[in-house]
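Quick one: the structure is below, and I'll ask about it shortly.
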């Protein structure tokens, strides 16, 4: 069965490292966001278009498991897919590997609700559900 | 029974906001770190002293549930406590409230392993266990 | 002569360090922003109120000279004052010292133009000029 | 005359936007760093190799002029070149354009000194001068 997923390739920025000499764990949360932005673009509906239609996908939860450290200039490969899709919840799932040795760096998930611009929860619009399914 | 916990008070920086007009969710992970740094300082063992003793507390997992948005200049109150303490794992738990109305903004947890400077896992040192218990 | 200035005290976050073991230079730009936010609050007009009146103070330039490194958990003291005030330009000037030894860490300046919400340049409103003068 | 320069193409991350709906000005400083990392890689000496040889290129100054706002998902094109090279100072110069319309987004420069791992200033190593010249 075909599962929709996308891949994002990027390098660890020096600014993303910390005094331990590794990528600071907070940046992974930003990387996951890059992953789902790319995911939606790859499906033909860039996230900026979603906002133009008056819908925000607000993050309601995030979880990351850190498996191995990532270092400055490491090339990372982030895979994004939809893990769960309900009328009022979208969950994306992610894996980050180091490109050079395919070692697993981290796994994560994020949960999202749809809101209008006043941040009031609304059902996930049908065109989004159709797209993500 | 007395439970060790600490409180950290801070304001949302403009740089921490995003185009939704709210604090970007990645910053919460940085705030949690501020919380446990303050927690350890309040117990008399600043985290920088732990590193001086050759021990790193590496983050192995993080999870955040976002309950309400936080806005620029909001004063937030972050409570940190130890949730779990094992020979090879420390879990901190956190709650973030808005100071003005005590509304719950987010809850979170982080898990940590101890390593040496070569990032090799070691047991949590006894002086740390005694302190956190 | 009385010169309006404000002081902001804060600690270097672990997330703000980099693989050199020092605070990454990009964070200073965020700190300067904290300084001018505190400056305006100390004058009785929090920046969020300026935005509520429909005015954005957009950054048109920034410059920082880094004098000494700052380290994790260092307490820093940031002094902010207005350096120049013209009909279409505000310049803030800043100095950052380490609290423990009063050593100069960095000096900087930022320049700002006023815009409306469509990012069209407007003159600095008179109430802002009166306040900052 | 041939002038060494490199180009870096990247997109504005959502996390890099702020409540004004534009890329926060602090991120430009991180982008410039990406530019010079790419610049050195393009010359065959990745910056991580410089550090492996015991040399740090510490930022002693940064300046940015912001010409036009950049928005989420904008593709930006960053050009990096050496502006000045002295025995104890390297200056990089940068321009950022929006890829879609070649409009100038920002210009900037950074200054660097070479240090050893104890952060003591040293002359810029000859192999670096040869490379950058």
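General observations
We just call them A, B, C and D in the order they show up, numbering each chain from 1.
Heads up, the rule we're going with is that a residue touches a chain if its C-beta (ideal position, glycine included) is under 8 Å from a C-beta of that chain, and two chains touch if they have at least 3 such contacts.
Remember, predicted model here, so these are calculated numbers, not experimental data.
Chains compared, subunit C against subunit D: the Cα-based superposition rotates one onto the other by 180 degrees, nearest 5. At the interface between subunit A and subunit D, over half of the residue numbers appear on both sides, which makes the contact a same-residue one. Look at where the CA atoms of subunit C average out and do the same for subunit D: the two points lie 23 Å apart. Distance from the subunit B centre to the subunit C centre is 27 Å, each centre being the mean of its Cα atoms. Taking the mean of the C-alpha atoms as each chain's centre, subunit A and subunit C sit 33 Å apart. Multi-chain contact residues of subunit B (touching two or more other chains): 14-15, 19, 22, 26, 30, 33, 72.
By the touch criterion given at the top, residues 13-15, 30, 33-34, 37, 46-48, 72-73 of subunit A touch subunit D in their complex.
Those residues of subunit A lying in contact with subunit C across their complex are 14-15, 17-19, 21-22, 24, 26, 72.
Interface residues of subunit C, counted against subunit D in their complex, comprise 19-20, 22, 25-27, 29-30, 33, 51, 56, 58-66, 69, 119.
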